[in-house]
Every structure is written in structure tokens, then in C-alpha cells.
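Heads up: the structure comes next, in C-alpha cells.
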Amino acid sequence: MLDLSAALSTAAALVIGLDPQMLAIVRLSLLVSGSAVLLAALIGLPLGAALALAAFPGRGVLVVMINACMGLPPVVVGLAIYLLLSRAGPLGQFGLLFTPSAMVVAQTILVLPIVAALSRQVVADLWGEYGEQLRSLGASRPGVVATLLWDGRFSLLTAILAGFGRACAEVGAVMIVGGNISGVTRTMTTAIALETSKGDLPLALGLGIILIGLVIAVNAAVFLVGQAARRRMG
Amino acid sequence: MLKRILLLAALLLSTGAIAEERFITVASTTSTDQSGLFGALLPAFQRDSGIAVRVVAVGTGQALRLGERGDADALLVHDRAGEDKFVAGGFGLDRRDVMYNDFVVVGPSSDPVGIKGLGNVTEAFKRIAAAKAPFASRGDDSGTNRSELRIWKSAGADLKADGIGWYRELGSGMGATLNTAAGMGAYALTDRGTWASFKNRQSLVILVEGDKALFNPYGSILVNPVLHSGIKAADALVWHHWLTGPKGQAAIAGFKIDGEQLFFPDAK
Amino acid sequence: MMSEIDSILPLELDGIGFGVQGRALLGGIGLRLEAGSRTIVLGPNGAGKSLLLRICHGLLAPTEGSLRWGGAGRPLPDQVVRRRQAMVFQRPVLLRRSALANIRYVLGLIGLPRRQRQTVAMEALDRFGLAELAGRPARVLSGGEQQRLALARAWVVEPDVLFLDEPTSSLDPAATLAVEMAIHEFHAAGAKIVMTTHDLGQARRLADEVVFLSRGRLVEVSSASRFFKGPATPQARAFLAGELVC
């Protein structure tokens, strides 16, 4: 338990000291995961809604695939993106490997199935409740999608938070496509992995505590905003 | 709406290009990175040349493969046989000696097999194999791993047949392997640099050192720019020359942890 | 309102049937619903009343027979037909936003210019006694208020025909009365009313015409006065007697 108390005091020292290097790492983590979640939401919410509402051959297969992809191993995604972005790969000429952009792409792919699968469920449930009424009002398809996404916003927020949690926590994908380059692509999780391998367990655990604290803070903020909005909107 | 999304996506993707600085990518090994050597070298190099170096620290085997795919501009690795093969295969150019350090055998201070103070690492490995004492191997095709396997070979140990139960292939980096060795009281081979900066030693101590077979030379190689587009050959050359030139060599000699010099420059 | 010359009515049903997996729930319905009057659909549970309403409103496609709006020789575009009818359900489905925004939403759907929506929506709320609640989340209103909001939402569509499916079955007497008043307003404005109910008292108060269904069949169509005085068919007689005993 010595380690744990050492970790706590290390975490406290890092936070109180506002270590600039650590702030840069935190900033990059939030930027990368936040961007990935934003992109995944922009694609995943309409995709989930479309899957909930549209009937087309192969929909069932697609739904199963997307649900299964919620469990995609980050390392595999990282490897696939690496092969694409490598100078020897098809997208090599863009020079994205070992940049934050590559990390955003990898995390977007990790988060997208979560957002799409959960929003499909939310929208399908809402459609069961709203379907007749909206059809009676003569809402168009795109209108229905927009309405259901908006009315499901509190549940969808949870789906997005689940995606954010996954993005923040994963290390396998960003390690491979980012390269854990100090000051360029080092995030909270890759820094934790690095400190662990250097045997500096208190520092690794301290960073872990900060990461958990950040994730809790983001979730609490969203929860409070959601509560206030829910109280106003029912 | 679609336009706005595309614009946003483009904006996000461009975050990678915020730093419009001049840089090269060097694939190197965890042992050099984790010792803190780069922290001492890179700022000095950037001052001299205006070029930043982004270090991707992986095992030597993986570093060589990154080079083969053109994902690094230069390499700093430690597996002479692998390096020569890399150059012979046309992937790399102008392999140069940079520095060396050495490997040490670490193990629990109680040293149940009694190898402490042996000047011959092959003999030490023979005793470990005979006693079937737990040994933690990186098992990750790194330079250290390749060196370790060479010593086992000269010790005449057939790990596949006799290693069961005590020879643990971890498939991890040096630090993670030391963490595991410390946790289970196992022997392990490590480079001195990683050992010097490793904090979670618990009961581990150095038991064998100084044998010639533990010599660990590092080489700098330029990635052949002909094979892939986008390789920053000119800037990589500046780095290659600096590292093997007087300024780089002096910086390597000047890097110390707790007053101990970890790497010894030996460029010709 | 309802100032357009043409109504999409009458609605003619010819041999309408509806089955699910070979089981017929409605069959052989032939019926003509005229503009203006109030038609109450009566019948025991499971007679197919709600089903009939949904088919008329276009929420379900009949598996047999055909349905024609506008009468013979006056084909109407689907879009016009859709736009000029509304339905109020047993349990109103309101969007998770304010009462006012619920109305504005519909005004958006029917293409009213944005700057007029606020005024029109407030007028509708005021008409059904909901002006005070305009800013409240629709989902936290009482059952009666929610149903009145659903009526206000139907009102702004200016429907030629309003379908109501058991609109008061879960409301207390005061709220029921408010809904009945609202139905009067629609009727007074010229809308055709087609409504199902379990409440015979309500049927007597509102009906101009009664359509009586039993076991998926149309049994009797007659004027309200005739129906309540003495139904022509034994099923309807039994229904009235049974209901009165309860």
C-alpha cells in the first residue's frame, strides 16, 4: 500500500505543481479523444438513427457487425490504421503517421461503433413510442431522424460519454499510430504505459489517478448539464 | 450541414500539422529512450541544427521493420546482425558505430543459484539452466532479446525442450520485463541504461557484469530514401553526422545518471 | 379557419379488410364519411375500432379493399390528403420540449414561415386554455393538459377531418369535459369528427352519426338519435344494454 499512497501524493504534486509537460499531455489527450468523439458522433448518430428507421436487405447483418465492433481490440485498429498511414501504405503520402491526426482517426474508429450501436437502440425505442404520432403529423424521414435524435438527446449523451470513456482509456491504438513521441503524441495512457515500463509505478499510478479524475470531471459536468436540462424539458 | 462536417473534419485532421517545425522521425529502442539519453541529446542537436527529432521508441526488431516501411528517417538500434541484414537488404544506408553500453545480469539479492561475481556470463546462464531458476526474458525480438538468445546458445541450453516452467518469455519491453522479474524474484538480462533509471527494483541487484559477451553496441542507420517517398533524407543526414561527430559523441559521454556514465561513444 | 373551398371529404371505404398473418381483424367494411358531421365509432373491445381509425388516417394500409378521399371523379394528391387531417391518440405523444415548442414543431412541418409560428402557436395554446403553460415542458403536464395540448397541436393543422381514438379514456371528468369542449370547437370550425369511445354518455353528447362495429365487421350505421333510441341489430342492442347495466 506504500505504492498507492506514493501514487496519490505524486498525483497531488503533479496537479498542484501544474507541471507544464503534464498539462501538455492532458491537453493532447483531451483534444485527441474529444475530436474523435465529436467525429464519431457526427457520423454515428445519423448512422444509428438510419439503422433504426430504415429497412433494407442486410440491415440485420450490419447491426450485428456494428454491435460486435464495440469490442474491437484497440491494438488491431491501431495496426490497421498504421498499415494505411505508413509511408509504404496507400495513404502514406499524407504524412499522418505519428501525428495526433492519426490518433484521432484511430480513436474515431474505436468510438464510432459504440455511438452508432447505442444510438440505434435509443432511436429504435423512441420510434416505437413516437412513430405513429410523427407519421400522423406528416414528418419527413430526415425530419423524423432529427426529431428523434433531439428528443433522445439525454440517452444519446450517455452513448457519447461511453465513447469518450473508451477513447480516453485506450492505449493500444494511440501507441501504435502515435508512436508515443514525447511532446508530440504522448497522451495520458501512453505516458502511463511508459512510466510503468520504466518501473516508476508511483508516477504511472499518479497519472492514472489524474486520468480517472479527468474522466470523472467530464462525466460529472455532462451529468449536471443533463440534469438541469431534463428538469427544464421533462 | 455536410459541408460544415467536412470542414470540421479537415480542421481536426490538420491538428497534426500545428507544429510546422522542421523535424525528422527516428526509430530507436526502448533502452535508449527510457534511460533518458534522448532527453539529453535532442535539445543539443536542435540547438545546433534547428531540426527537432521525434523518437518512436520500440524494440530493435520493430524499429528495423519501421525502417523497412519508410516510417522513420533514421534508426538508432543495437543488434549488429540485424543491422547488417537491414543494410544488405537495401533498406538502410551508411551504418555507423555510435556508442556502446553493456548488458548486466540482474537477479534476486539472495542469488539462489550463486552466480554473483562470475566473470563469465555463459557460465552463469549454464548454472541458471541447470538449477531451473526462474528467468524473465523479454521474448520480443528486441536487440536485448537477440543478445540474450545468443548467450543461451553458447551456454548450450535448449530452451524449447528444457525451459519449461522456469524460462518465461514475456513479450514485453525492458522495463515491463524488469517489473515482472522483480515481482517473481527471477533472473534477467538488461541493458545497463534501463537498469540505471529503473525505479521498481525491489530485491533485484546486478550479479554479473563486465564479460565481453555482454558488450552492447549501438548503430545509426539512414533509411534508404529511394524506397519510399516522403523520407527526409537531407535532415536525417544532418542528424547522422551530428550523432557520430564530435558534438554528438561529447553529448553521449556527458550523459550520466547519479554520476554514472551509461553510454560510451565509439564512432570512428 | 377551414376557409378553403374544398374539403378532402367525403372518405369512401370499399370492402376494407385488415389481416395479420392470415387472421382477419377487419373485413368487408364499406362506409362513406361525409364532411362536417360528428361520427362516433362504437363497439365492444376488439371490434376493430382503433384499427379502422388508423386505416382511415393512413397509418395502416388495408390488406383488402380500397379507400378514396374526395369522392368520385375528384382525385386528390396524397400530400393534400395527408396535410388536411389530424389524429389525437388515447395517450398523447408529446415531444420532450416545451408546450409551445410542440406546437411550433408542427407549424414547421406544415411549412408556416418561421416568424409567424410564435403568434399562431400562442393563439392555439390560448384557445385551449394552455397559454399559462406555454413554457412548461410538455412531458410534465397533467394528463388532461397533455391531451388539450395534443388538440391544440391538431388545431394549427386546420384539418378537414380530426380522428380521435379514445381521447378521454384515461382522464378525469373535468379533463374529459375540456376535451369535449375542444371537440365542439373543431366541429364548429367545420371539421369532420371521427372518434372512438367507450363512454356511451359521451357518445350521446357528441354523436351526429354512429358507426357500430363488432368482431371486425360493420354492423350498423345510423343517425345518433335513431341508434340510441333503438338500434336495428341485435348486436348493437346487446351492446347498449350491456353497457348500460355496467
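Letters A, B and C name the chains as they come in the text, with residue numbers starting at 1 for each one.
Please note the rule applied: contacts are C-beta pairs under 8 Å (C-beta built on N, C-alpha and C of every residue); 3 or more make two chains touch, one makes a residue touch a chain.
For clarity, every value in this text was computed on a predicted model and none was experimentally measured.
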{"item": "Core chain by centroid distance, with centroids computed from Cα atoms only", "value": "A"}
{"item": "Centroid-based (C-alpha) most distant chain relative to subunit B", "value": "C"}
{"item": "Chain pair with the most C-beta contacts", "value": "A-B"}
{"item": "Centre-of-Cα separation between subunit B and subunit A, whole angstrom", "value": "33"}
{"item": "Interchain centroid distance [CA atoms averaged], subunit B/subunit C, Å", "value": "79"}
{"item": "Whole-Å separation of chain centres (CA-atom averages), subunit A against subunit C", "value": "46"}
{"item": "For subunit B, residues contacting two or more additional chains", "value": "none"}
{"item": "Of subunit A, residues touching subunit C in the complex", "value": "129-130, 132-133, 135-139, 143, 147, 150-151, 153, 232-234"}
{"item": "In the complex, subunit A residues that touch subunit B", "value": "31, 35, 38-39, 42, 86-89, 92-93, 95-102, 104-105, 179-182, 184, 194, 196-201"}
{"item": "For the subunit C and subunit A complex, residues of the former touching the latter", "value": "54, 57, 59, 82-83, 86-87, 89, 92-93, 95-98, 105-106, 109-110, 137-140, 153, 157"}
{"item": "Subunit B to subunit A touching residues, read off their complex", "value": "5, 8-9, 12-17, 19, 25, 30, 34, 38-39, 54-57, 68-71, 172-176, 178-179, 182, 194, 197-201, 227-231"}
